[in-house]
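Labels A, B, C and D are assigned to the chains in the order they are written; within every chain, residues are numbered from 1.
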Amino acid sequence: MELLINRVFDGLSNGATYALLAMALVMIFKATTLINFAQGEFAMFGGFIVMVLVLEQGLPVWIGVIVGMILSAVLAAVIERTLIRPFDPADHLPLVIITLGLFLAINAIAGIVWRFDPRAFPEMFPSGNVFTYGNASLSWYTVGTMVTIAVVAGGLTLLLNKTKIGLAFRAVSSNLESSELVGIRVGPTLQFGWAIAAAVGTLGVAVFVASPVRQLEPQVMVTGLIFAVSAAALGGLDSLGGAIAGGLAIGLVQSIVVPYLGVPSELSLFAAVAVLMLVLLFKPAGLFGTAAVERV
Amino acid sequence: MRLGKLKGWLVLFSALALFATACGSSATEVVGNATDAAEDAVDAGVDAVDGDDDAMDDDDAMDGDDDAMEEGDHSGGLALEGSVEIATGTTLNLAECPDDWDPLQGVDGDEIRIGQSLPQSGALASFGAIGEGMEMYFDFINDTDPIAGKDLVLVARDDGYEAGRAVANVEEMIDSDDIFAFAHVIGTPINLAIRPITDEACVPQLFNSSGFPFWGDPANFPWTVGNILNYVTETEIWCSSVIEDFGEGATVAALIMNNDFGKTYQNTLNSSPACAGVDVVSEQLHDPAGADVTNEMTTLIATDADVLVAGTTSKFCSQTTAVMAGVEWRPRIYMSYTCNNLSSFFSPVIDAAATLSADDAGPWMANSNKICGDDAYASDPKIIEVERILNDYGSVTCADGSYSTGVLYGEFLVDVLRSASEMEGGLNRVNLMAATWNADTSNDTLLGGTLKLDGTDDAYWTEGAQLQAVIVDDAGNLTFEPKGDFVDFEGQGGSFG
Amino acid sequence: MNATDNVMLDVKGLRGGYGAIQVLHGLDFHVMEGEIVVILGANGAGKTTTLRAISGMIERTGAITVAGEAVGSAKAPDIVRKGVAHVPQGRGTLPELSVEDNLRVGAFIRKDDEVDSDMDQWFEAYPVLRERKNQRAGSLSGGEQQMLAVARALMSRPRLLLLDEPSLGLAPIIVSDLFERFAEINKETGTTMLVVEQNAQLALGIAARGYVLESGEIFTEGPADELIDDDAIRKAYLGI
Amino acid sequence: MAAGTPMFTIEKGSAQYRAYRILGFALLALLIFIVAFAFNDTGSITLFDNDYKLSITRVTKAISFMVAILGLQVVAGFTGQLSLGQGFFFGTGAYLSAWLVADHGWNWFATLAVVVPVCFLLGLLFGVPALRIKGLYLALVTLGLAAIFPSLILLDILEPYTGGAAGKQVDSDLKPPGWLPLDGTVDLLNKLPVFGQYFGEGSGLSSKQEQRVWTFFLMVVLALVCFKMVNNLVKSRPGRAMRAVRDNETSAAVNGISLSYHKTMSFGVASALGGVGGMVYVAELGIASQGDFTQLLSILFIVGLVVGGVGTLSGAVIGGLVIAFIPDWASSTRGFPGLPERWLQGPTGGLILGIGLIVLTFVLPGGVIVGIRKIRDRIVRIIPRPPVIPGQHDLSDADAFNSPATAATV
C-alpha cells in the first residue's frame, strides 16, 4: 500500500515535467504542425540560465525562474525570427532539420559552458512532506509540481481564449490564409507561440531539477524529450489537456505499470514507447487530438 | 499587435540580463586566470632553479642511454627482437609485431608521446576531466623534473564512449600520431575494442580505466595493463563487510547502472562466492542516459533490506543520496568508489548527506586513495601539492571535477616511465612493459598498501582499499570517516582466469 | 446612398500569377465609391487571381490605388488595414473557431469599442449565428458559413469588399437571397463591392457595372444592363 | 538547371553520353583505388595547425553509414516516411552478424543471408504501424524505437548472444587471398614520381594494413551493389509508385497504387539496408557495443540524409562521409584562430555539426549534392533525348549517371 502510494506520487511528479514539456511541444505544434526536436534542449538551456541567475547572480528563486522564462522566451523568439521564419511553414522537412541542428548545437554549447558534472539547483518548493505514512510520503515538491501544471494550463487557456494575441494564435492555427485576410500578421503570431513554448519548457525543467533528488546537467533532457514527445503524441499533438493527460499517463506507466507487470526497470522507456505505439495504432491522432498530421 | 509593442523593451531587457549572466559566469575565470598567471611567473622562477639541475642529471643519464642504444642489444639490456620474457609468465613476442614496428617510436625525439581516447562528449562526458587533469600533471612534470629530459605529450581524442569511434581514433593515432604508448583509455567496451589493435601493433596500453577483472592477463595480453581497483574486488569487500556486520543471509537491495560498469557489480553480487552469504532481494537497473532514478529507488525502498548497494556513478550518486535522505529507511549504504569525488557528487546534495550522516547512515565506499577536496586531508602535503598542480597548470580546483584523478593516474604512468628510462637500454616499449609488469612502488595519495605487479603472479595494480563513510563534520564540511582497517589484497589477485 | 464620383479602387496594368506562371497580363479597371462591380469570365480567366492580387495574397506588379492611396507592394495584413476586406473562394471562415470568435477575429484590426455592438447587429440580422455562436464555424451549413464569412469580412468595417464566387456550392434559393442581402448591405452601409461570379445573371442583377475577363485580359466592360443585353456576351459567358 | 552555358552539352543516349558515363565510372574506380592505397597509412589534412586524420578504417566506417543512409533515402527520400529509427536496424544488423561470426564462425558476408531477411521483416513489422501512424507521429515512434535499442541489447535474456554490456567482440578479420598483390601494388605506387610519397612510407603493407585495404575493397563492392539495386528499384514501377505516395498519397491511391504495400515495402528495404550497414560497421571495427547505437546515431543518419541531399542516391555517399568525419574532426580541433580553447572540446563536434546543418539548410536546401550538380552543369549538361519518354526524365533517373560523377567530385 505504502509502495503503491509512493509510486503514484513518483509517477505524478515525473509526469508533471513531461506534461510541461509536452505542453511546450503542443504550443508549437498547434501553430505550425511542427515538432521542435530542440524543445528539450531549449528547456535545459533555460534551466541553466535560471541556475546562473539564482546561484551566481543571487536572485530569489522564483524571480530567477520568471526572469529565466522571459529570457528563454526571447531567445526562442529570436531563433524563430532568424532560423524558422525564412522557411515555408508548409514544408516541414527543412524545419525538422533546423530543430535537429539546434538540438545538437544547444546541447554542445551547454556542455562547453557548464561542463557535465551535475549542478545543484535551488529548491522552488518548501522541502519536507505534506504527510508521511510509513515509507509513503507526499512531498511538498510533488504538490508543487501538480499546482504548477494546473497554473500553467490555466494560464495558457486564458491566454489563448481571452486575449487578442491568443485569438490571433488560434486563428493562425486554424487557417493561415483567412488569418492574413483579417489582418493578422502570421510571423509574429507564430513567434509568440515559440516564445511561450520556450518559457513553459524552461519552467518544466526548472521544476524537474528543483526536486531535492535531481540535479541539472546538459544531458538532463536527452531522454526527457523522448518521454515528453511520447506524452504529447499520446494526448494528441494539438491538445493542451491531452498533453497533461499524456504526461501524467507516461509518468504513471513508468512508476506503476512497469514494476507491477514485472517489466525489468531498465525497460521503462520501452514501455512508454510501446504504450504510445499501441494508442496511436487505434487512435492515430492520439487520445484527444483533432489534427490529422499528414506531411512532414 | 501588442507583441509588437512588447518586443522593443523585452529585447533590450533580455540583452542586458544575458550580458549580466555572461559576466557572472566568466568573472570568476578572469580573476582565476589573472592570479594564476602571476603564480605561474613565480613558480617558473622557482622551478627554473631545480628544473635546471634535474635536466643536467637527466642529460648525463640520457647520454648513457644513448650509447647503450647504439650498441643495441649487446649492452645487455632487454632484447628488442624475438620473444622476450619481461616478467613472470609474461612474454612479448616481438617477432609478430608489424614489420615497421619501432620500440623507440614516440620517444626517439625530445618528446614522450602518450595516446588517450576517452569520452569528452555524450552521457559520460564528465570523465573527460580525467584526461585534462593528466595533461596538467604532464605539464608539471615537464616543468619540474622531465623524464629523461623529454617532454611528456598527451594526445587525447574524444570517443563519446563509442567503441566504434575509439577504434578509429586508436588506429589513426598509432598510424600517424607517433604514439609511444596509450594510457587510461576509459570504459570496458572501448578497451575491449582497442586491445586487439594495440596488442597486434605491439603498443603498450597502460592503466586502462575499466573495472572489469580481465585486464590482469599478461599471459595472453602482455601489452595491456589495468589500473583501478576492479569492481569485483570492490564488491567482494562490501560483501565481507555486510556478512561481518549483518551476518549470513543479510538482505541486500541493489541499484545498478545499466551498462558495463553497473553490470559488473550485479554479476559479482550474484555469482561471487564471497557474496554467497548475502541475499539479494531486489535489483533495479537504471538507464545511464536517464534523467533520474526515483522509480527504481521507490521499488528498492519498499524492500526495507538491511543493505543498499549503489552500483552507479556520477549524478546518480547524488540522486541516491538525496532520495535516501528523504525516507525513513536507514540501511547500510555501499556506494561505488567512483562516487568518491565529494565536491562533484556530494556538494550538490550536502543537506541530504548531512541528514544521512546525522543518522550515522552515510554511504560507505571502498576507497583506495585520499580524496582531494576531502576536508580530512586539507593539510595533507600530498593533497596540497595536487591542488597546487591543478591550480598552476589548469587554474582549476579539485572541486571542479575529476581532474585530481587525472593527476593520480598521471603519477602512475610517470612512475613506470621513469623506471623504464632508468633501465639499461633506456626508455623503449619493451623496457616500459618490463618496468610496468615488475613495478614495485607506492604513492602518497594511496590510503595504504603498495602498487606492485609481478607478471602472472600479481597482475593487478590497485588492490587495496579502506571502507569509508561519507559524513558531514561539525564544521559542516564533507569528509570521509574510516570504517574498519585498510584491506590489502596485494598479490592475492593473481592474474585473470 | 448611391455611387459618388470618387474612385474607391483604381487598378492600372495589373500583372500577377503563381511563381513562374503569369495569369494576369495587365488589367486596367476601377470601382467607384459605393458601387457594386462584377467581374465575369470563364474558368481560368483570372478572376480569382485578380482579387488575390488586389488583397495582397500573391506577388503582383502594376498600380493599385484604394481611395486615392497607393497600395504599393503591401501584403495582405496591411491591405486589410487600408480598408479592403476579401472573402475568398469556398468560405473564408476559420472552421476550428467558434462563430463568435470568427466575428471577433474579423474585427482584429479595429481598435474602437463598438466591436460588440457590431456583432450584436449581425446576431440580429442572422439569429442562427446567435444560436450557434459557441459552436465551431465548421459545423454551420454552407449558406450559413458563407454568410458568416461575409459578416466576418464586414466586421473590419471595410470600404471595399471583395467577394469571390459567393454562390459556389450553394443551393439556388440560398444564393438569390444571399445576393439580395449583398444589395441591402451595399445600400445600408455604402460598402463598395467587387464581386467575382460564375452566375452572371444574378451578379449583373445587383451590379452597376461589369468587366469581362478573358485569359488574363479585359475582354470588354460596360454597365450591367448593357452587358446583359449584349448577345455575344450572353452566348460566350452567361450561358443563356 | 544551372546558370551559364556549359562547356559541353551531351544528349542522352548518344555516343558521347555513353562515353561520359564510362568516364564517370572510371573516375569513381580510380578514386576508390587511390583511397584504398593512399590511406593504408593514415593521411591527414592540416588546417590552422590542427591535423585531421583520414584513415581507411574511418572511410570504411563511412561506407557503413552510406548504406544505412541509402536505406533512409528509400523510406524517407522516395516514399516520404520520416523514419528516425534507422539506428535500430543498423544496430540489429551489427549485433546479428557479430553473433554469427563470433559464436558460429560464419563468414562476414554469409551473415547477410540472415541479416537482410531479419531486418527486412522487422522493417515490415514497423512499416505496419506506419499505415495508420502518419508523419510526425511516425517520426516520434521511430525515434523512440531508436532510443530503446541499447536497453534491449542489455537484457539478461539476450546477454549470451549480445555479450551484454561489455559488447560483442569479434576477432575475425577478412584475410586477403594470397595471390592478391596488394603489397606489390603499393610498392609500385611508391615508385611513382612525385605522388609516390602519398602511398605509405615505402615499407609496403603490414598484414593489418592489407586486411584494411582488402576489407575496404570488399565493402566498396558491397556498397556499389546496394546502390545499383536501389537505383534500379527507384527507376522501376514500384519505385515510381513510392514517389507517387510521397508526392500525394491521396492521388496515388486514386491511381490504384496500394499505399500499404509500398509503404511497408519501403520500410522493409530501408531496414534491410540498415542491417547491411551494421554488418559493414562491425566487420571493420571488430566490436558491437550498445553505446554505439543510441538515438544519437539515428539522428546523425537523418543529418547525413539531409546534408547529402534528400531523394538522391549520391546524397547518401556525401552524407555518410560527413557524419563519419565531421564530428571527430571537429572534436580533434585543438586550436582555431579567434576561438578560446575551452570552446574546442569534445562537445564541439556536436556544435559544428548542428551549426553546419542549419547553415546548409539555408544555403543549399537540396543538400550538398545540389551544389555539386550546379558545378557539374557548368561543365557538362545532359539534355534528354527528344522525345522525352514520360516519367523517364526525373530525379532518380538523373541520378543514375550522377552517382559516379558526383562520387568522383567528392
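Simple rule for what comes next: a residue touches a chain if its C-beta (ideal position, glycine included) is under 8 Å from a C-beta of that chain, and two chains touch if they have at least 3 such contacts.
Please read these numbers as outputs of a predicted model, since none were measured by experiment.
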Steps in the shortest chain-to-chain touch route ending at chain D and beginning at chain B: 1
Touching chain A and also chain C, the following chains: none
Intercentroid distance (Cα basis), chain C paired with chain B, Å: 77
Cα-centroid distance, chain A relative to chain B, in whole angstrom: 37
Inter-chain centre distance, chain C versus chain D - centres from mean C-alpha coordinates, in Å: 55
Multi-chain contact sites of chain D, meaning residues that touch two or more partners: 151, 154, 345-347, 349-350
Chain C, residues touching no fewer than two other chains: none
Multi-chain contact sites of chain A, meaning residues that touch two or more partners: 108, 111, 164, 168, 185, 218, 223, 264, 266, 269
Set of all touching chain pairs, with the criterion as stated earlier: A-B, A-C, A-D, B-D
Of chain A, residues touching chain B in the complex: 2-3, 6-7, 10-11, 13-14, 49, 52-53, 56-57, 67, 70-71, 74-75, 77-78, 108, 111, 113, 115-120, 132, 134-135, 137, 139, 164-165, 168, 185, 188-189, 191-192, 208, 211-215, 217-224, 254-255, 258-259, 264-266, 268-269
Sites on chain B touched by chain A in the complex: 1-4, 7, 10-11, 13-14, 17-18, 20-21, 24-25, 121-123, 125-126, 128-129, 258, 284-287, 289-292, 294-296, 298-299, 301-302, 304, 314-315, 318-319, 322-323, 325-329, 344-345, 347-349, 351-352, 400-401
Contact footprint of chain D on chain A as seen in their complex: 29, 33-35, 83, 86-87, 92-94, 96-98, 100-109, 111-112, 218, 223, 226, 229-230, 233, 237, 264, 266-267, 269-270, 272-273, 276-277, 280-281, 284-286, 292-296
Touch list for chain B against partner chain D, complex: 98-100, 119-122, 125, 128, 157-158, 160-165, 167-169, 171-172, 175-176, 187-190, 192-193, 196, 200-201, 212, 258-263, 285, 287, 289
Residues of chain A touching chain C in the complex: 164, 167-168, 170-171, 173-175, 177-186, 290
